[in-house]
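You will see subunit A twice below: alongside subunit B first, and alongside subunit C after that.
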Partner chain A sequence: MIVAIQIVAAVQLVAIAGVAAVLIGRRLQAARSERRRDALLERFRDAVIEFTCTEDAEPPALLRALRTGEEREAVGTLLTEYAGWVKGDARRRLTAFMVEHRYVDASVAELRAHRDWRRGQAAKTLGDFGSDLAVEALLRALRDDPSPRVRAAAGRALGRIGDARAAGPVLAAWEAGRLPAGIAAQSLLDVGPPALPALVGACSTATTGVRAMACRAIGHVGFGDRDQVLDLLGQRAIADPAAEVRGAACTALGQIGGDESAFVLAGAMGDTHARVRQAAGDAVARLRIAELEPLTRRLMDDPVPEVARAAARAVVVLSGAETADGNPFAVEAAAELEWGWA
Partner chain B sequence: MGLGVISVRGFVFAYNAFVLAYFAAMNMMYVSLLYHAARAMLDRVRRGRMEDVDELLRSPLAPGVTVIVPAFNEQAGIVDSVRSLLGLRYPRFQVVVVSDGSTDATVELLRQAFALEEFPRVYVPAIPTARVDRILRSRDDKRLLVVEKANGGKADALNCGINLADEELVCAIDADAILDADALLRSCRPFVDEPELVVGTGGIVRIANGCRIERGHVAEVGLPNSRLAGIQVVEYLRAFLTARAGWSRVNALLIVSGAFGVFRRDVVREIGGYRVDTVGEDGELVVRIHHHMRRLGRRYRVTFVPDPVCWTEAPETLTTLRRQRTRWHRGLAEIVWHHRSMLCNPRYGRVGLLALPTMVVFELLGPLVELSGIFAVAAGWWLGVLSVPFLIAFAFVALIFGLFLSVTALALEEASLRRYPRLRDLGGLVVYSVIEQLGYRQLHAAWRVWALGQALHPKHRGRWGEMDRRGLARHG
Partner chain C sequence: MELTPKTTVLVADDEPHLLRLVKFRLEREGYDVLTATDGDAALQVARDRRPDLCVLDVMMPRRSGFDVLREVRSDEHLQDMKVIMLTARAQDGDVDTGFSLGADDYITKPFSPQELRVRISAHLAKR
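Up next is the complex of A and B:
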């Protein structure tokens, strides 16, 4: 028994010594490579900034004469960093440089790497580059990659590139449960108005979460065909079987609707679910639909405090602070208005 | 007499065999947890390379967060804390400070610093709380709300904050804690990625003693001068990077620290908020979420996110530390008692069959076995049941294994987050890992056994000890 225990102790001691040695060795090695990397980044930073900020299409000589893989990697890191922060001509210039110097090709090739984290990192990098040459490869990754993380990275990257071709496949991956709702919606949001047909389509899927998130996203994207979109949101706000979706549709109407949404919001204010009534009250306040004031005023007595508060805010916005009328929620809303927060 | 000695010898021998078996089982459990934690941390590092933390900052889909700060006599650091919170990088959040019957200048200092004025906010106690006296709001920053209420305890203050929360998520944070600027961005990310699944997240809590703090932010990370606080740095790293990361990976995380946790407001309200009759309200809430969600058969996840950092002040005196640790252990006992129906109940899946039993056997009763084991081994030696070489070898293995767990936690920290930039600090942590095994650990076990005794006594139920605060700005 004692021998067994001694063996266990010896094994543990060796393990501790090994871990401690790895700890220190790794720290020293990391410090050395970080110093080298920082030096390279500093060496090329000014040239990349100059290239990013000046209209001159020609990249500085320093960027055209990269000798080692490390130099190339450092410039790639800087280009990725700045490409994420600039838009328009500057971004196009950086993207063209990255295409010409085969940075995009290298990352596309990395999408076939064995390790999933390398594939995911490549997808992220391609999103930062913003080159539409990467769209097909990213779509393939979104559709076929076995790793959920890589698919998520590809979904995000497609959004950042903002190519309309991404909308359909992102929606398909979302519906199939191959892309988490938040990532898919954000991706479509990043694609912007071209993604609207996909978002409209998502409003009719069987999954409650997808429909709700799609309605929310439409509220931020805006509309192509105004009547069609408002009509769709109106239908969802009134007739969707899930309260979550009805509430999200009301919120979206509050963001992009107008006086024509009055009928729908009036119906939503009578919803059995508090979340929907609250969203309708908020929407009325945002859209300032005067004709709904009497209905909203009645909602101030709703037994659910969040609904009463939303209704009171709407009433105060529509009729002024003097209409507080002793209702505590209206007094609160009037104070908010007075403090300049409405 | 002879027979009596023989039976005592037999009992001591049997008990020693039990301690040995218990020790082996505990070590196996910790090793398996370590394995899961290592995978989780590695995963996190790799995932970090695929994500852009700032993406959420630009997203209109980011859920709003109400940060709730329960405060009882926190004048030493409350202004810095609130200033730091208002400076967090997150697209939409409000801060609700709940002064829980403070008798010092907590509210007055806040009033002066943030131009607070009384505000006619309607207070609806959807979750019942002690009386709310007044609600103040900042003229300068509409995100700040301060509530003055009658003393009802930390859980009651948190419930008051939940009642006032306007946003979808609620974040509970200790008044003396400091969050990294992007802590909310990181801890809310899972809610955005999987809005239907994630109901709670917890970040890592680190010790701020020894760090340089400027304007409510940790400007430079360092080790504390106090040895006691230094040992706690190692303890915290082990607890968070090994235990929480490991349990989270198997979706059986039972504790999200009260110092920093984010939850879905609707779920917290649905289960009635924090329980006020326990001192372990943070862990109890999480276990109740598991209880509730699994009973209803809903899909959900409570997850540990290792990179959002919350810095907190560690006790630097034995008395304060003893109060804190006995309170924690009493809290653990209360959690187990309140949710005993989940224990070994297959209806609650991994939580009922694995996490809770492990908590009872190795966390709750562990100190009892450890201390009684020391006495049993000594008795075994005295009675001649155990030989001295065995005794030495066993003690050595026990100590070395503790050291192994601590050093491995440091390795996880080094491989993933690396918040201690100086090699000297890393060396210091290794030294603290050794010191921890020699006296501190045994003292800690004795406190926890004491806490178990307290837990059985109605006088102590739900009672908090006092914590002397120096204020984080004074550290460093």
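Up next is the complex of A and C:
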């Protein structure tokens, strides 16, 4: 009986030792491959930096002679780290290199990976690469991927690529609740002026938040037909049923409007909603519309502090703090302007 | 043979990849490049080494690039140093603030390395 127990104990001991040996072996192997990967990253880093930030059309010799999958992977990692910081010719050279060496294809294939973190990482990488060859695959991910994180990464990547095809689907994904507002807005801003037709269309959708965001985005990306866009924003600032949209339209007018926006902003300063009056006051300050100074001065007595503060800032910009009779908001605004906080 | 001192450029940014990119590019041009990863360090290096030009990020730990610029412009030993803002803050108001505080130039990220090189060279030529 005792002998049997001893045999069982010995077998257990051997089994435990075996498992421990396997675990230690795996850990050592992981550490070794991590060291090898770090060494490869350091070996190729300067070559990738050189290719990223010099004007040489050809990649450095080291990058033209990649032999193993590990080397390709290390260079891909480095390209992802650095490509996002540059634009212009440098970015175009990097993108061409990544297309030629099939980094884009590999990441597009990763968008079909089983794990969502791998799909999200692939989407982010494609945004860093900036190749328009990835747009269709990213649009599919934005529309169909079940993971909100992957859709968000795809939306962000589409903006970073800056392709006009992204604007409509990004707006649609946001309206359908499949993309967070902040990411949709950032993507549209990154796409820039080519997104304008989609944004103009979005000013007439049924969803308040989408109309408001479209107005705000138009204020940032500028305009194609100036008169048409200012007219559209003017209509939204005065006649939209939602205060959020009226305020957003005033803000956008403050960014891209001019003296011709005075009539609309004068109307908005009499809006029933404080948020709209405040946005109108801010817009007058930005545009420095002198003819609205008397109206803005009256708005300094608005019962809502945020409105009075915006009006005071406008008066200080238009006429100087000394004309505001010691109004505390005007004193504050003068200090902000002097210190560059406004 | 007489040695001429190199033109010194300070690059301040808390993003290590960007810092390395800009440093590499400027060293390739023959500049002596100093680096700092926060606003306090940037100011300290500027005071200690008096660089000819500073490439300054806005959003940095400890002290923003705008605060560093304000200090630089009020320091009699540094006020003539050329300052180029290199920042992700691209709104009109940010650019206004940068120039009103005395920046010589304002470049937004992502940036064109070629453009940065040309602008640095142009500002240094004006000294």
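The criterion applied here is as follows: the second predicted complex is superposed on the first by the 290 of 342 C-alpha atoms of A that agree within 3 Å, B and C clash if a C-alpha of one lies under 4 Å from a C-alpha of the other, contacts with A are read in each partner's own complex, and residues count from 1 in each chain.
One rule holds for everything that comes next: contacts are C-beta pairs under 8 Å (C-beta built on N, C-alpha and C of every residue); 3 or more make two chains touch, one makes a residue touch a chain.
Keep in mind that this is a model prediction, so the values were computed, not measured.
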Discussion item. Tell me the contact category for A:Gly209 with respect to subunit B and subunit C: first, second, both or neither.
Written reply: first
Discussion item. Let me test your reading of the model: by the given contact rule, A:Ala109 touches which partner, first (subunit B), second (subunit C), both or neither?
Written reply: neither
Worksheet item: Does subunit C touch more residues of subunit A than subunit B does, or is it the other way round?
Response: B
Item to complete: Check the residue A:Ile16 against both partner chains and state whether it touches subunit B (first), subunit C (second), both, or neither.
Response: first
Item to complete: With the two complexes superposed on chain A, say which partner A:Gly182 touches: subunit B (first), subunit C (second), both, or neither.
Response: first
Worksheet entry | Which superposed partner A:Gly84 touches (first subunit B, second subunit C, both, neither) | both
Worksheet item: Between subunit B (first) and subunit C (second), which, if any, makes contact with A:Ala96: first, second, both or neither?
Response: neither
Item to complete: In the overlay, answer first, second, both or neither for which of subunit B and subunit C A:Thr54 touches.
Response: second
Item to complete: Enumerate the residues of subunit A that count as touching subunit B in its complex and touching subunit C in the other.
Response: 84
Discussion item. Touching residues of subunit A toward subunit B in the complex: what are they?
Written reply: 1-2, 5-6, 8-9, 12-13, 15-16, 19-20, 22-24, 26-28, 30-31, 84, 116-117, 120-121, 123-124, 128, 149-150, 152-153, 156, 180-183, 185-186, 189, 209, 213, 216-217, 220, 305, 309, 328-329, 331-332, 335, 339, 341
Response to the item:
Listed in rising order, the residues of subunit B that touch subunit A in the complex are 46-47, 49-52, 55, 59-61, 119-122, 124, 126, 137, 139, 142, 191-196, 387, 389-390, 393-394, 396-397, 400-401, 403-404, 407-408, 410-411, 414-415, 418, 423, 426, 430
Worksheet item: Taking the complex as given, what residues does subunit C use to touch subunit A?
Response: 15, 17-18, 20-22, 24-25, 28, 66, 70, 92-93, 97, 100-101, 109-115
Practice prompt. Using the touch definition up top, name the residues of subunit A that touch subunit C in the complex.
Written response: 46, 49-50, 52-55, 81-82, 84-91, 255, 340, 342
